[in-house]
Amino acid sequence: MASYWGKHIHISIFGQSHSTAIGVTIDGLPAGESIDLDALSFFLKRRAPGNSSFSTPRKEADFPEFLCGMVNDITCGAPLTAMIHNTNTRSQDYSKLKDCPRPAHADYTAHMKYRGYQDVAGGGHFSGRLTAPLCIAGGICLQILSRYGIEIGAHIASVGSVFDTPFSPLGETEDTFAQLKSSSFPVMDEKTGTDMKAVIETARNQGDSVGGVVECMAMGLPVGLGNPMFEGLESRLASMLFSIPAVKGVEFGAGFESATLFGSQNNDPFYLDGSTVRTRTNHSGGILGGISNGMPLLLRAAFKPTPSISKEQQSISLSQQKNIPLNIVGRHDPCIVPRAVPVVEAAVAIVLLDALLDRNTDQINKTN
Amino acid sequence: MASYWGKHIHISIFGQSHSTAIGVTIDGLPAGESIDLDALSFFLKRRAPGNSSFSTPRKEADFPEFLCGMVNDITCGAPLTAMIHNTNTRSQDYSKLKDCPRPAHADYTAHMKYRGYQDVAGGGHFSGRLTAPLCIAGGICLQILSRYGIEIGAHIASVGSVFDTPFSPLGETEDTFAQLKSSSFPVMDEKTGTDMKAVIETARNQGDSVGGVVECMAMGLPVGLGNPMFEGLESRLASMLFSIPAVKGVEFGAGFESATLFGSQNNDPFYLDGSTVRTRTNHSGGILGGISNGMPLLLRAAFKPTPSISKEQQSISLSQQKNIPLNIVGRHDPCIVPRAVPVVEAAVAIVLLDALLDRNTDQINKTN
Amino acid sequence: MASYWGKHIHISIFGQSHSTAIGVTIDGLPAGESIDLDALSFFLKRRAPGNSSFSTPRKEADFPEFLCGMVNDITCGAPLTAMIHNTNTRSQDYSKLKDCPRPAHADYTAHMKYRGYQDVAGGGHFSGRLTAPLCIAGGICLQILSRYGIEIGAHIASVGSVFDTPFSPLGETEDTFAQLKSSSFPVMDEKTGTDMKAVIETARNQGDSVGGVVECMAMGLPVGLGNPMFEGLESRLASMLFSIPAVKGVEFGAGFESATLFGSQNNDPFYLDGSTVRTRTNHSGGILGGISNGMPLLLRAAFKPTPSISKEQQSISLSQQKNIPLNIVGRHDPCIVPRAVPVVEAAVAIVLLDALLDRNTDQINKTN
Amino acid sequence: MASYWGKHIHISIFGQSHSTAIGVTIDGLPAGESIDLDALSFFLKRRAPGNSSFSTPRKEADFPEFLCGMVNDITCGAPLTAMIHNTNTRSQDYSKLKDCPRPAHADYTAHMKYRGYQDVAGGGHFSGRLTAPLCIAGGICLQILSRYGIEIGAHIASVGSVFDTPFSPLGETEDTFAQLKSSSFPVMDEKTGTDMKAVIETARNQGDSVGGVVECMAMGLPVGLGNPMFEGLESRLASMLFSIPAVKGVEFGAGFESATLFGSQNNDPFYLDGSTVRTRTNHSGGILGGISNGMPLLLRAAFKPTPSISKEQQSISLSQQKNIPLNIVGRHDPCIVPRAVPVVEAAVAIVLLDALLDRNTDQINKTN
């Protein structure tokens, strides 16, 4: 088990889908940063279910309780812990679920790893609900980064085989980011959005689900975030992004496409824009040698379709040791991608704030 | 700087392209494991340059010197350090290179991060040459894993737009792995290999380079490797793979393709094969909830084209603060993908041995 | 800030003296361990204030709320979080305290580190109250260790200049440990205890405080816990013990006394007790080369006197930049040593459970 | 095994007493720091054996070879690796030693932990010789710290029952530090030094050894180094100091003595010295709440007597499972304390440089 992450911004996530509460402790936030709780609430609502017909109707408690780490909504240097109480917990009988692992879920691997002692209710600690505390941590980091000129935006890059207009690798405007953040279905091209919704509606009607891709960009990064080798920005970001349930692929800049290119196509030429060093293209996604180069950071994360579907599936009975069909009841997100957009923003924000603080250790700075 | 990685198998990589030596310290190898130095030598040669016309003709010293960590070629529990001396170091004048960063290299970001103090010769610590110590560590891990029934194989999945036959997600034979390991240009389909070589030859003749993808599979993994969230197998593997220079994308199982699928297509049905739980398809790539499920582990890493090309490129003079053209002299790999194949195997082996040891901590096992 | 610790048993402590709540998340507890909440409650009461006239009369809420990590009081593999609500928080005016740092407290260093944003109320995150979550974590570890044959006991070794009979380095009986655990003033020699209480009473009556030493022993340890160098048992234990507020010295076995001895006096001769290897003396405190040797683990931690005293002290006004006298009002523990006994036990238990799991990684153990 | 340490200054130590080489990789040194190799050589000679009649006559190769991490003796940001070749390695028959563990050495615990695969020659990885790479790392840190106004000094505080004049807790002069560093037997009071030498000579003549204490002080520290709880300065320093072979006790400021004091005696009153906040006494040793307060850092480490003595001792035969007498041949340091003085300085320097860099992460500092 390692539900903690980070060198400077150290987050420790706790909770199961149906435990008394879920939450996060963030250790290492600089003291003196005010947190706008209304803005945070707005951010968390973007991830919350039930915002539209495209997500599960389950209602989550709206807002976390802050247990410590702030004085008058200003960080005090001590670890900050936020908690969300779970309601209606553990009311069902989960013995069936325990015996018959759901395909593409963690039921079977958890059963083997924890020898039957895992919390099966609602997926336990593996539930997508645990992205809520990640969003609390990330939402706070987003506010702090913004204060230092770093803005993060994301959109639904694809649902199934419907692809949105991608971000311009050379950067997007603040207006574009603001518009995406205000939308419950953030896309660059509204027409595409309509097509995506149709695909999701079709999946829902067939008791099925569908996957998609989230594209994310960070602008205003200084040069020098990240390190060579194992703490390169790509390594850190990928490590965080693959922690989000259902992510099966991560790429930076031109990503997998760059593998099809010639060097003369893929290399980004340098030029001077006044005294600022920039590149004319941005196939690197703003990262060279694991280190930010001042151009926009660009990445994409691929989400598999929601594993929970109503269609009958084939599985096994662990107790009877035989193959059996499985019918999952209840309603589930036919596509988690819209709700995953703020989760990706949050994940990226945590990594970037950690990297921003890490850069401070490149030099000695002693003043008594 | 963080050129170290790992919780149980802790590797610390050192050296610059033209420093006296490069090498690696591996801390945490279990005592009592014999290391076959001939087999290791054979493995390292797969990465070494000059093996074929498809790589740079620079000759590397063939074999590392082992400084400590073994007694009679058997691990003794103490950290194992291996070193490769660099020859012909620092003979040139690198002042030009220092002033004019090469596109798609780390020259510029290193210059900014280390304020001009970085070692520019041959790319310094950012050089692809530093994958040699990674291969020493990984080659040792591969031997140990094999002893416990875990085999890792990889091939060139694509070069430019030429695609090899992919691995069967349900597993490959040991023969196939053995054949790939014995080849200087490991592909599943020889005809495809011929086409790939033609693409590389074209790139070379044009003073250009080309990218590609490496696909890697691990067979024989027990159920239960990895953890939920931040130490999930995908997070650990991606963190390691993105540490390899030029990797810009990583995906597991169906990866980005799974984002285009419906749940009913992507979910892998469980069934019993005797008393063994297996899945009928393997879109998950052998990982559910960050934890191995016993099916083959399958991943792909996308490599951008070698940044060093002979064609004239646009860059800047840092001292004169103006745009200037850049012509890189010397010969370089027109395609690093063939040599990257064992590097990916090595990277995966390190992570899996670390995860195998980590699984031991799931239970208390006290015997006096 | 780093209020987290551990490699396998990873604890993350949160809260300030007067925040909404304090607590701890424990990540890495093996699944399937039942937790006896009554026994835990009894253990926590040993640390709680107000148990006797020798501690501060402030009443703490008796028992933590468990937010997650257990199903039916059995660990489920997910992080376990326990929380204690603070009552009557933030009711006072702390502006005076903020301006005038208390001698021997962290007020001044916190003020400088957090630039005035620290939570001053009750000492904030530096409060001794934060040893309550440490005891929750440690109390759970103690239960698990006991199940595997490892018992930890501790007593008040000294208060001021009154010294209790030390533990026999070769081991104590379970009865002795049980008796110490049941006492609100745990000493080996009741007569000495009476003298200690008199010293504390004198300190209290003079508005003063007094320091002391806690001696702790762990029995039943297997050989092989710990590692050479930086993860030696002594290093890990000391790192944890010095995290307890007021600890200013730590020693193992003969400790500082061993510095006065000759080798022929200090070396512990080996002998065979049946097939068990033992030593005739135990100056090493059960640790050789950072690794447990199977003899009782023995250590002592020195606690400075409680910094809060009623007697007038000299301090400064930070705002007025001048020297001023300081009178601390309120009642405080005249001696924290009695309450520190279970805290030391808890600290030692966490480190030993971590080390017990770590030992599992010495060998590969693969079974599918 | 964990022979690595550190968050920002990450050291990884390798080698066994009789392996091909021993050494250290230091990852995280800021780029641009020039290293005075002559000064480093002088520092390493203070630890080297054979400097006087008070240490073992074995001659060590004088100076490390630097493999990487510097360009023209200036750090370049890449990991710095230094190596010392061992000469005359593995020439003897160590089978006897393997069978009969030496009292107070790590022979037995290593045998059990590594199941007989450990390198027994000369103590393997547990040898005091491994403090040489620690001194390389520390010697470099000392040079850098000095450049930023932080000076570290140490002396032999006691040998057996002979006690040197202690450091003044309020600070020593640079002259005093310089004098101590230039002496092969660093004491404050020469007369005491003569008495100590007599004790050592007596031990040697009797085939015995004797322990002692090293006292160390760091001056010029800024306020704010360290953190509350588990990364407090005391925790970090103790974790490092207990990694030095033979250390059995560590205390800060008044240490164990403070446990005998009343609060009114132990509390250090604050006062203003111009605009500088100071304390009138320094029982805290310069650390409050785990954080430096700007006063001199003061600590003591207790070293047990060298375990290797010529006098016959009692041990066991592991193969024959019986008690046998043991006679250790060869010459050994009758007292390691004089040579331990620079080792303690080195250890403290590494921790303090790490803490100095860590303090940079207390605030965000973004400049593009």
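To keep things simple, chains are lettered A, B, C and D as they appear, and every chain counts its residues starting from 1.
Just so we're on the same page, a contact is a pair of C-beta atoms (placed from the backbone, for glycine too) under 8 Å apart; a residue touches a chain by one contact, two chains touch by 3 or more.
Note that the coordinates shown come from a computational prediction; the quantities given were computed from them, not determined experimentally.
Undergrad: Chains shared as neighbours by chain B and chain D?
TA: Correct list: A, C.
Undergrad: Going by the average position of its CA atoms, which chain sits the greatest distance from chain D?
TA: Following the centroid criterion, the farthest chain would be A.
Undergrad: Which of the two pairs, B-C or A-B, is linked by more C-beta contacts?
TA: Most contacts of the two pairs: A-B.
Undergrad: Just give me the whole-number Å value for how far the CA centre of chain A lies from that of chain C.
TA: A distance of 38 Å separates the two centres.
Undergrad: Counting in whole Å, what is the centre-to-centre distance of chain A and chain B, each centre being its mean C-alpha position?
TA: It comes to 26 Å between the two C-alpha centres.
Undergrad: What is the distance in Å between the mean C-alpha positions of chain B and chain C?
TA: 45
Undergrad: Where in chain A do residues touch two or more other chains at once?
TA: Those would be 1-4, 13, 28, 31, 77-78, 110, 113-115, 125, 223, 228, 362-363.
Undergrad: Tell me, which parts of chain B touch chain A in their complex?
TA: My answer: residues 1-5, 13, 101, 103-106, 108-110, 112-115, 125-126, 130, 158, 160-161, 203, 206, 208-213, 223-224, 227-232, 234-236, 238-243, 245, 247-256, 258-272, 275, 277, 279-280, 283-285, 288-293, 302-309, 311, 313-316, 321-323, 359, 362-363.
Undergrad: Considering only the defined contacts, which chain D positions touch chain A in the complex?
TA: For this pair, the touching residues of chain D are 7-8, 28, 30-31, 77-78, 144, 148-150, 220, 222-223, 228, 294, 356-358, 360-368.
Undergrad: Give every residue of chain B touching chain D within the complex, in rising order.
TA: Listed in rising order, the residues of chain B that touch chain D are 1-4, 10, 12-16, 19-23, 25, 27-28, 31-32, 65-69, 71, 74-81, 83, 110, 113-119, 124-125.
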